[in-house]
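Some structures are shown below for you to check.
Next come two complexes built around subunit A: one with subunit B, the other with subunit C.
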Partner chain A sequence: MSALALELRATWGRAYGRLVGAFREPTWLITDAILPNLGMVAFVMLYRALGAPRSFEALAVVGGLLATYWINVLWGMGAQFYWEKQSGQLQLYFVAPCSRMAILSGMALGGFLLTTVRSAFGLFLGFVVVGARVEPFSLPALLGVFALTMVALYALGMVMASLFLLWGREAYHLSNALYQPVQFLSGLYFPLRTLGPLGIVAAGLVPLGLGVDALRQVLLGAGAHALLPLRAEVALLAALGAAFLWLARVALAHLESLAKREGRLTQRWQ
Partner chain B sequence: MPGRGRAEASVRALAARLRASAWLGLQIESNWTDPFLFTAYVIAHPLATALILVGMYWAVRGVPHGADTFRGLYLASAFHNYVVMVLVGMGWMIVEEREEFETLKYVYTSPIGMFNYLAGRSLVKLALATLSTGLTLAVGWFVVGLRWDWAAVHWLPLLAALGLGVFATVSLGFFVAGFAMLMPRAAFTLNDGIAVALYLLCGVIFPVDLLPRALQWVALGLPFTWWYEALRRFLLGHGSSARLGAWSDGALMLWLLATTLLFSVAAHLAYLGLERRARQLGRLDQTTLF
Partner chain C sequence: MTPDDPGATPAVDARGLMRTFRATRGGGAVRALDGVDVRIAPGEIFGLLGPNGAGKTTLIKILTTLLYPTAGTARVAGFDVIHDANEVRKRIGLVSGGESSGYGILTVRECLWMFSQFYGVPGRIAGPRVAGLIRTAGLSEQADTRINRLSTGQRQRMNFARGFVSDPEVVFLDEPTLGMDVNAARALREYIVRWVRERPGRTVLLTTHYMREAEELCDRIAIIDHGRVLACDSFAGLRRLVEGGQHVELEVRAADGGTPALPSLEGVRTAWGAPHPERGTRALKFRLPPDRALAGVLRELETRAVRIEAIATRETSLEDVFVALVGRGLEESDEREDDGPAPPGAP
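Our next item is the complex of A and B:
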């Protein structure tokens, strides 16, 4: 088997396990898909209570949909190696003949596919039950911006996964701690422009904000109250995606050797 | 008097057990890092939640009458920290102890008793929730203009409402913990589900009037709906719901008292039953996640 075929099979193998495993535990559907979207409904209702223009409701729905991916990146990518460590499985990845990047890519692919299936509930809730409306839009543009956002976001997840190789309980707590602040700094439920210069800085660090802003521009036009022109956001997303993929590769190699030296790879309950 | 002496000894023993479990709870919550990072971790979540609401308000701040409505909703959101951190947190205690640290069985067999242990650990959660609520209110005061006239505050009913709400939170926390004991794998979902369901149903960030009619009745049966409305009314001078606005202050407090007592008694009985059932089914040391 060629090296490339081995990597691709490892990627698919890891993605397959994630997909099948998730469908064997249907209650996690509630945690991953239904609950975050119910939170989104609360924010839509807040806009309604405040008498905000209808476009803000759609804006919150788009943010809520992206929130499900952010949860997956945090817990399914970033903290995943922590869970693997706890279950005593992490070392198996390191003795496998494939590269760690293939395993991380498989985790990302499986997580993305699963979350996409689950976000169908959010679409239904936001656009059918709650009744949010968008402007006529270009489907290729939407898919293109979405794909770029996902690559950048999951590449960030790969960087986080490599960092979390070193950590024990800190990984769990960091994931917890990052969840809401990143939602705020990414403007998931309000236009990122509202944050002013802070929004620009945050957008340069986490691709979630740029992604949601660009998607809103495609779906809502001027109603998106965008931070930057769409072309600029697309270019930045592409650059962030490439940078995070490179960083993940470098960080993984470095932190793996560090974790081995410090004996952290098989350490549980720390 | 021997009877009085025994009672005093019992109270002292209870206090010692609560103190020990609270101390242990603090260690479990905080000993993974240094105090500075732990403080940042504790305040990050509520602060970010508050700032998301602030961002939403800033985005639409030109809307007429939006400011008054928003302040009432923001206030409830601040106190909802108690529900998230204490009520739901008590369910997470069971998940951590059983699934992650695998120590629940040792706690169960210790002389401290499961109920006292949970009560003691809830004290730490209460302290952290109070910190988060204070911080959220401070953000509201300085950033959103959530101000109240100190002289116009109805202190007595406010303090009574605060006490009842916290009591309801801890009481229902036992119920959530009991469920978490009985349902190892589903506890994850259940804990998150309760937090979101109460956020939606109790009129935290939107008036219950906006809920579908059937859900409004469910909301009126929950103590937290009345708690948040009472806090708004006695602190800010106005509620947020037209439907609840038709109730007098006395009637509002009466319903808060009635629903709190009802839920607390039911939650206590349910906890005892759930704990017993979990033991019968061998769920106390059943790990499913790792």
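Our next item is the complex of A and C:
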């Protein structure tokens, strides 16, 4: 069996668990799909009440959809290894011959597919129920930018998985504290450009804002009130994705080495 | 193939293994392993017996590539656990009793299949193998039940089955029957024996608190304490270490109702067994050297106002060997332990 076959099987094996789960716990639909989208609907209503340009409504819908993925990245990726440790399962990943990157990739793939199923609800709510409108757009460009955004976002989630594990509950609380600021700094419900230089700095750190801004440009053209030219945002997203994947690999290697040297991390009581 | 066969590649070959940990309180270091040498031949069921904190789990962690040794070397299935960790991982399985594995939302079948994928088992092999393991673990009726709806015992059985999904060359079983009911534990012990006998060259390293489990299963047993292997032999070989004289177990009651003081029964190595709170007595276990008469010991006890409630003499058990080597019984080694010395389902 080739190393690639092992990695692919491990990735699919881990992703499968998440996909199966999507159809067994309907309550998750409320927390992961309906609740995040309520904020999006509120902004659409607000823009409509204020008589803002129609593009602002679609702008909020795109932000709301991406928020669903962000929640999944934060809790379904970032916190996952920490929870695996608490349940005593992490050492089973460390003792398996597949790479930890394959496990994380499986989590990411499963989480992404699961969230996509749920974000369909947001699409329906935003573009059918609430009636937001977009300009004619290029589907390949939309899918390309979306794919880049997802790679960058979930790669960030892979990095966070190691950091959560290293810092334990501290990271958990930090992430909790940062949840709203990250949403704000990513301009999920307003044009990122409004934040000025702060928006540029935030976009350079968290791919969420860049992804939202780039997707809005594809869907709304000039109505997106974009921060940077689309090409620049695409290039930055690609760079962030590559950097986070590399960082995730380095962080996992460091984590494993630390676990072996210090004898902790893989045991829930240590 | 025997442990002494110089031509065979050992399933496990540990030499001079040392491991120290930083103490969590008060600084300093704790030495968990102190020069452990273990050589296990392919096809053996090898037992590791020792009280809590003896170093058993640390040794297993090193052998399963979860921990670096501070010094020494270890090879599993011919591969170095530090430099060829991934080759080792392809060939081993690990089961820790009492651990929970899998995700509550998955069924037993799905969970075992998922773990088989982490070892790259092709689908056409994984399906039948998982089905077979489910039968072995006595979980046929629960095969399609979510894990979060299983009882604790059922989860443990599933966890045991998980350790075999990759059909490993060497399986590390760390207290695998801990807390299991009688029938389940017996079935799993039978499976371990069958698994090794039907697959030449497959090896099991088992740690257990249950003396009789070790006696029943293991070709050889290493007794470990304070990070050192005190003895390593077959059960018959270990018995020879302490043969001679009688093994005596007394049930005694002190006149004042407390634990009788026994500072010196000359030539007799004693060990206190578990108290019987409801009877107000305590077991006293010892081996009487050939040159001492039991009557003399009993007289000595009487002079100390200790009343003898019951006397039993018997053949050397593994527990006797353990007491003789370690200086205390397993049940005395850690007050937190709830498990008695008899395994669930022991004959």
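Descriptive notes on the structure:
Following the convention adopted for this analysis, the second predicted complex is superposed on the first by the 258 of 270 C-alpha atoms of A that agree within 3 Å, B and C clash if a C-alpha of one lies under 4 Å from a C-alpha of the other, contacts with A are read in each partner's own complex, and residues count from 1 in each chain.
The rule is simple: a contact is a pair of C-beta atoms (placed from the backbone, for glycine too) under 8 Å apart; a residue touches a chain by one contact, two chains touch by 3 or more.
Computed from a prediction, not measured in an experiment: that's the story for all the values here.
In this overlay on subunit A, subunit B fits alongside subunit C without clashing. After overlaying the two complexes on the shared chain, residue contacts for A:87 are found with subunit B and with subunit C alike. By the touch criterion defined above, A:24 reaches subunit C but does not reach subunit B. If you stand at the C-alpha centre of subunit A, subunit B and subunit C are 90 degrees apart, rounded to the nearest 10. In the superposed model, A:138 makes contact with neither subunit B nor subunit C. Contacts of A:170 after superposition on the shared chain: subunit B is touched, whereas subunit C is not. Counting the residues of subunit A that each partner touches, subunit B and subunit C differ, and the larger count belongs to B.
Within the superposed three-chain model, A:179 lies in touch with subunit B and out of touch with subunit C [touch as defined at top].
Touch criterion met: A:48 reaches subunit B, while subunit C stays clear of it. Minimum Cα-Cα distance between subunit B and subunit C in the superposed model: 7 Å. When the two complexes are superposed on chain A, the residues of subunit A that touch both subunit B and subunit C are 25, 87-88. Against subunit C, the residues of subunit A that register as touching in their complex are 1, 5-6, 9-10, 12-14, 16-17, 20-21, 24-25, 87-89, 91-98, 103, 259-263, 266. Contact residues on subunit A toward subunit B in their complex (touch as defined above): 25, 27-28, 30-31, 35, 38-39, 41-43, 45-53, 56, 60, 83, 86-88, 168-170, 173, 176-177, 179-181, 183-184, 187-191, 194-195, 225, 269. For subunit B in complex with subunit A, the residues that touch the partner chain are 32-33, 40-41, 44-45, 47-49, 51-53, 55-60, 63-66, 69-70, 73, 100-101, 185-186, 188-189, 192-193, 196-197, 199-200, 204-207, 210, 240, 289-290.
Of all residues in subunit C, only 19, 21-22, 58, 61, 64-68, 86, 89-90, 92, 94, 96, 99-103, 105-106, 110-111, 113-122, 146, 162 touch subunit A in the complex they form.
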